[in-house]
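Encoded as C-alpha cells, here's the structure I'll be asking about.
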Amino acid sequence: MFFASDNAGPAHPSVIDAVVAANTGYAAAYGSDPHMETLRTRLRTLFEAPDAAVYLVATGTAANALALATLGQPWQTIFCTPVAHIFEDECNAPEFFSGGTKLTQIAGSDKMDPATLAAVVATQEMRGVHSPQRGPLSLTQATEKGQVYTCDELAALTSVARAHDLPVHMDGARFANALVKLGCSAAEMTWKAGIDAVSFGGTKNGLMGAEAVIFFDPAHAWEFELRRKRAAHLFSKHRYLSAQIAAYLENDLWLRLAADANARATRLAALLQRAGARLTAAPDANMVFAELPRATHAALKSGGAQYHLWSGTLEGDDPAAPLEARFVCDWSLPDAELARFAALLDTVAQPA
Amino acid sequence: MFFASDNAGPAHPSVIDAVVAANTGYAAAYGSDPHMETLRTRLRTLFEAPDAAVYLVATGTAANALALATLGQPWQTIFCTPVAHIFEDECNAPEFFSGGTKLTQIAGSDKMDPATLAAVVATQEMRGVHSPQRGPLSLTQATEKGQVYTCDELAALTSVARAHDLPVHMDGARFANALVKLGCSAAEMTWKAGIDAVSFGGTKNGLMGAEAVIFFDPAHAWEFELRRKRAAHLFSKHRYLSAQIAAYLENDLWLRLAADANARATRLAALLQRAGARLTAAPDANMVFAELPRATHAALKSGGAQYHLWSGTLEGDDPAAPLEARFVCDWSLPDAELARFAALLDTVAQPA
Amino acid sequence: MFFASDNAGPAHPSVIDAVVAANTGYAAAYGSDPHMETLRTRLRTLFEAPDAAVYLVATGTAANALALATLGQPWQTIFCTPVAHIFEDECNAPEFFSGGTKLTQIAGSDKMDPATLAAVVATQEMRGVHSPQRGPLSLTQATEKGQVYTCDELAALTSVARAHDLPVHMDGARFANALVKLGCSAAEMTWKAGIDAVSFGGTKNGLMGAEAVIFFDPAHAWEFELRRKRAAHLFSKHRYLSAQIAAYLENDLWLRLAADANARATRLAALLQRAGARLTAAPDANMVFAELPRATHAALKSGGAQYHLWSGTLEGDDPAAPLEARFVCDWSLPDAELARFAALLDTVAQPA
Amino acid sequence: MFFASDNAGPAHPSVIDAVVAANTGYAAAYGSDPHMETLRTRLRTLFEAPDAAVYLVATGTAANALALATLGQPWQTIFCTPVAHIFEDECNAPEFFSGGTKLTQIAGSDKMDPATLAAVVATQEMRGVHSPQRGPLSLTQATEKGQVYTCDELAALTSVARAHDLPVHMDGARFANALVKLGCSAAEMTWKAGIDAVSFGGTKNGLMGAEAVIFFDPAHAWEFELRRKRAAHLFSKHRYLSAQIAAYLENDLWLRLAADANARATRLAALLQRAGARLTAAPDANMVFAELPRATHAALKSGGAQYHLWSGTLEGDDPAAPLEARFVCDWSLPDAELARFAALLDTVAQPA
C-alpha cells in the first residue's frame, strides 16, 4: 500500500525494453543520435509546433531551472504559488541557474488566481530600478496538490503575463495526468493557452529519469544548449534518454499510464471520502489530498499504508485532530493494493 | 517642503570639512590609511567589541548584501519582512551577492513578530535536502516604516534564530535614529541583543556616502574582505570613506543629527494627526507613515510638499479615499519648512 | 573502425542487466535505496576509506564541477593544465557551479609538472586581496591525452598543493584505465597520494551514465548534498544510477573493461608507429595521440576510419604536413575492427 | 619620493571644490540630479556620441566588471592579456559580475598582438557547445605597463573581434594618460577605433573616486542600470560622483593632469636610463617599468624612494641581479620630489 510518491515506482517495462534495444554499437553522443532526431520530430508533431526547440534532461528540477533561467534575467522575479515545486522543493535551483532571480509568491492556493496574479504583477516594479523586475510566470500543471487548470484557466493566467510581456513556463512534471484529465491536445494545453516553454515530465509517469524541455519559440535554442552543457545536464550517452521518451510516446503509453494512475486516484478519493475524509483539493490527477483524524492516520500507518502527512505529525494530544495527508497513485500501483487499502480503511475509519 | 527621502539631503558641513582635510598628500590605499586604523578602534570602542571586524563601503545595499552573503550560504533562505529593503528595494542584490540565496518573508507587518518567525523557521527544512535551508535572519532597525524595536523585542527575535543556530544581521540604514529613540548603547542594541553583524548606516544621516559593516565575530573578516574586493566595493582612495565616518562619530555628531531628525518627525506626526491623518506606523524615528484623503494629498502636493504616496495614486474617483504616504525628515530639514508645511496643512485639511 | 570517442559506445550487458534487475517495485527515492547503501560500503572498501562520503551523479562534468565547487571558494582560482576537460570542454561549468572561480593554467603539457605548478602557485597571491586566491588543484588521471601519472608523480604534485593547504581533486573520467596501467590500489592512486576528492568515472568505460564523487574527508558531505540537489543532479529514481555502478564493480568488471581498452590502444599505437606515425603522448591508457601526414589521414578517413583530428584539418595545401589525431579505444571495440584498421593502414601509409 | 601608485594621491583641489559646491540643499537621488544631466551631455559631446549611454560608478573594478557583464554572457570567455587588471587584480570580479565567464589570456606581452589574438579567437569554439564561447575583447589603454596603443593598433585588434561579432571593452583606468600621449580625440581612441564600451577612469588622475561607463550603443542602457543597482553600485547621493567628473572635465583639467603626470614619467624614465636602468616597457603614459640591480633597489629604498618591485625581492644572494620595478607618477607628484630622486639616483647607481 504505497502512496508515498510517484518518484519511487519502477519504469514501465516498455521503457526498459527500449533502453535495452538502444544499447547496440556506437551512437553519436550528446544528442546527435538518430533516436533524438526522430524523437524531436515526434514531439514537434505532438505539440503541433514544427519549429519548437526540443531538448532532454534527466531530472525535473533541471528542466524547470534551465527553462526559467533561459526565459528570464537574474534581476527579475519569477511569479509562482507558495507551494510550487520551484519554490519549496528545489533547494534554490531556480535562483542558482538564473544567477540570482527572486521568486515572488502569488498567495492563495495551489491553483493560482488570475486576479491575485494581476494585482501582484501590477505593483512589482513600483520602485523602478530598485525593484526586482517582472519576470517569468511559472504554472504547475497538474498542480502540486493534484489539481488541473482548464485551458481557459491557463489562458486567463497567461493573459496577465502577456499584458506585461512576461514569458510563461509550465512545470509539467505531471503533464500527462493533466492532459488526460482535460482530454484536450498538448497544443491546446500549452502554446494555444499562452505557454512559452514546458517541462514535459516523464519520470513520475513510468520513466527511469527523462524529461523534455520544449520552447515553442526556437529563438531560445542555442542559449538553452549552452546553459544545459554549462549545468552539466548534457548527456554524452544521450541515446538512453532519447530511448526512454520515444518509448513513452509510442502507442500513447504515456497517456495510458497517466489515465490508469488518475483512475486509481479517483477511486482512492472515493474510498477516503466514504471513510469520512475531507478532500482539501480536487483530485483531478493522480494525487489525493485529504484530512483524516490523527488516530485514523496512526491506524492506517500501523496497518501498512505508506504516505506523507502534509500537516502535523502523528505525535499530538488530540486523536481527533484533522491532519492533511497526500496520497499518490503512480502508474504501477497494483489494483490489489488499492483493495487492501480499502479493506484497511474499513477497519480503522468511521464513516462520516 | 521636502519630505521625499533622507537620500536627497546634503552631507553635514563637518563631514565635508573632514573630507577636505583628508585631501593632503599621499595616503595608503585600500583601507590601509591611518584614518581607518583610528576609526576601527573608535568603532570597536563604541560597540564595546574589541575584536570586531570593521569595514567600510559606500552604499547601504553593499553593506547589506555583503554582510548577508558572508553570514549565509547560497542554498539557504534569509528571513525578513515583506517590506524589507533587502526584499523590495535592492533589485536582487542579496541573491546576487550570495550566489542565489532565497528570501523568505515573515508576513505580518514591518515589525517582525517572534511567534510568526518561529513558526516559519520551524517548518523551513521540512523536506530535507529539497528545502532551501535555514539561513540568516535580517532585521531592519529602525524599520522601513520608521518603527523601532526595543532591545527586548530584538532579543526575542534573535533568540528564535539562535535556537536554530542562525546568524542575525541588522540593516541599520537608520541605526542612529533607532539608537537615540531607545537611548541605549550601541552594544545593547546589537550584540547584547543577539545581533552578529550590522550595517551601520551613515548616508541617510548626514554623510556623502559611507556605511560601516561590523562583524562582532572576527572569524568573518578575511572572507568579507575578499567578497568586498570581488564585488568592486573596496575603494582605492579609501581615506574619503574613513574621513566621513570619523567626522560622523566626532562629538556625537551622528546622534545629534539623528535626534534632530527624529524630533522633526515627531512634530510632523503631531501636525498630521491634528489635521486628521491616521498614522499607520509608530513614528519612532525620522519617518511618518500616515493616511490622508486623496484630495488632501492633491492639495498638499499642489502647495509644494514633496513626499511619496505609499499606496494608491492621486488619480482616482474618490477624493475622500484614504491614501498612505511616507514623510521623511532628514537631518538638514529646516524648521522653517516644517512651519510652512504646518501652515499648508491648515489650509488644505479638515481637522479630524 | 570507430576511434572517435569512448562516449559513443554502448553500456556493457552486465550493466544493462543490473538496471533491468533493479526495475522491480517501489524503491526509496533520492539515494535512499538499499542499492546505494550497499554500494557506498563497497566503494569505501575499495578505497580503504571507511569514512568517505560517496555520491552518484550522471555526468562527468557534474562530478567535476560539484566536487570543485565544494572544495573551493568563488574568489579562488583552480589550478589545472591548459588542456584539462574542466578548462576546455565544460562550457564554464566549474565557474558556474562555484559562483565565479577562475581557472589558472599550469602551462607545459597535458601532464602537469610539479616545478611549474610550484612556481605558479607561489606567485598567485602576490597582490593580497586583489589577487584571485589560491584554490583547488585539479589533476586528470588518466590525462586528456591518455597519459598516466605514477603515484609518485601524483604525490609530487599534491605535495605542492599541500604546502599551501590547497585541496586536490582528481578528474577520474578514465580512472580505471589509469589504475590498471599502474597496477596499484585505488587508495594508492588517490588519498595515499594526496588526493582529497575524486570524480570516479564510469560512463566512458561501459556505463550508460553514472559517476561517483568521493570525498575522503566526510566533512564535505552535507554541503555536497545540498549543492547536488541545487544543481538538479539528485536523481529521484536513483536506483538506476546505483545499479550501474554496482554492476561496474562486480567481479572487477570495471578493471577488465579498462584493461581490454588499454590493450587495444597499445596495439593501435604499435600499428600507427609501424605505419610511420609519431606518437605525441605516451599511450598509457585507452587513447593514442599521433601525427600522420595529411594525405594519410585523408586516406584513412576515406577508408572508413572514424577519429578526430586534434590539430589542423584535411583541407590544406601540403599533403605531407603532419597533423595530430586522437584515436580512442572504448571497451566495446571489436578486435576485428582493429584488424581492419591495420589492413587499411597497410594500404595507405608508408612505413617510417 | 612616492612612486608606488596613482591610487594614493589626493584629489585635485578643483574636484574637492566641486564636491563642496554640490553640497547644498536637496538633490534628486540615484543619478537624477541636474549635475548628472549636464554631465551626460558633456560626455556625449566629448565622445561625439549623442546617443551614448553614460553612467557613473565609484571604482574602476566596478566599471570594468559591470561593462563586461553587460557586453557578454556567462558561458563565454573574455579575451585579455595575462597582466590585465581584470585578470590579475580584481579578485574574480569579472567572473562574479558576469555569473561565471572565463577569461582567456592572449599571451605575449602587456600590449596585445592582433595575430595572436586572431589565432586564439579562431580556435576558441572548436568543440561547439562544450567550449566556452567567444566573448568580449577587453583592452587596457594605457596598458598595465604604461604603454599606449595607437589608434591603428586598437583598430587592428578590434577588427579581429569584429570579424567574430565580439564586443570590445576598453579599460580606461588611465584613459587620459593615453589620450594626451596620442593627441587624438576621445572618439578616435574609442568608437572610431572599434570600441563598444569604455571604463572612463578618473580616480587615478585626480578624483576622489569616480569613473564613467560609456556604451556607444544605448541598447545596453537599461540592462546596465539594473546590473549597477543589483551590484550595489548605484549611489543615492549621486551628486558627489557627478560633481567630481564635471570638475574633471572642466577646462580640460583631466587632460592637464594627465599631461603633467606623463611628463614626469618621461623625465623619470630618462633619469633611470641615465642611471643604467633598462626600460622593460615604453614609458608612454605615467608609469615607468625598469630593471635595476638588486643592490641599487636596496639603496634607493633605503634612501626613501617608495615604489613596487615587479619581479623578485630585495632578499637574494646576487646584488647585481636585475629586478624589474614599477615607478608611477601621479598628477600630484611635486617636481621637487623628482629632483630629490634624481639626486638619490646619482648617489646610488652606476651609469650604464
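Going in written order, the chains are labelled A, B, C and D, and every chain counts its residues from 1.
The working rule: contacts are C-beta pairs under 8 Å (C-beta built on N, C-alpha and C of every residue); 3 or more make two chains touch, one makes a residue touch a chain.
On a predicted model such as this, the values are computed, not experimentally measured, just so you know.
Participant: To lay chain A over its twin chain C by CA atoms, how big a turn is needed, in degrees to the nearest 5?
Facilitator: 180
Participant: Using the touch rule from the top, work out which pair, C-D or B-C, shares more C-beta pairs.
Facilitator: C-D
Participant: Approximately how many whole Å separate the CA-defined centres of chain A and chain C?
Facilitator: Centres of chain A and chain C (C-alpha means) sit 35 Å apart.
Participant: Between chain B and chain C, what is the separation of their C-alpha centroids in Å?
Facilitator: Once rounded, the distance between the two centres reads 51 Å.
Participant: Would you mind pulling out the distance in Å between where the CA atoms of chain C average out and where those of chain D do?
Facilitator: Computed from C-alpha means, the inter-chain centre distance equals 41 Å.
Participant: Give me the residues of chain D that touch two or more other chains.
Facilitator: Where chain D meets two or more other chains at a single residue, that happens at 30, 74-75, 90-92, 96, 99-100, 129-130, 133, 226, 229-230, 234.
Participant: Would you mind writing out the residues of chain B in touch with chain C in their complex?
Facilitator: Residues 30, 73-75, 99-100, 129-130, 133, 223, 225-227, 229-230, 234.
Participant: Over in the complex, which chain C residues touch chain D? Could you list them?
Facilitator: Result: residues 74-77, 88-92, 95-96, 98-103, 105, 127, 129-133 of chain C touch chain D.
Participant: Provide the residue numbers of chain B that touch chain D in the complex, in ascending order.
Facilitator: 2, 4-5, 7-11, 13, 16, 19-20, 23-30, 57-62, 65-66, 90-93, 96-97, 203-204, 208-209, 226, 229-237, 240, 332
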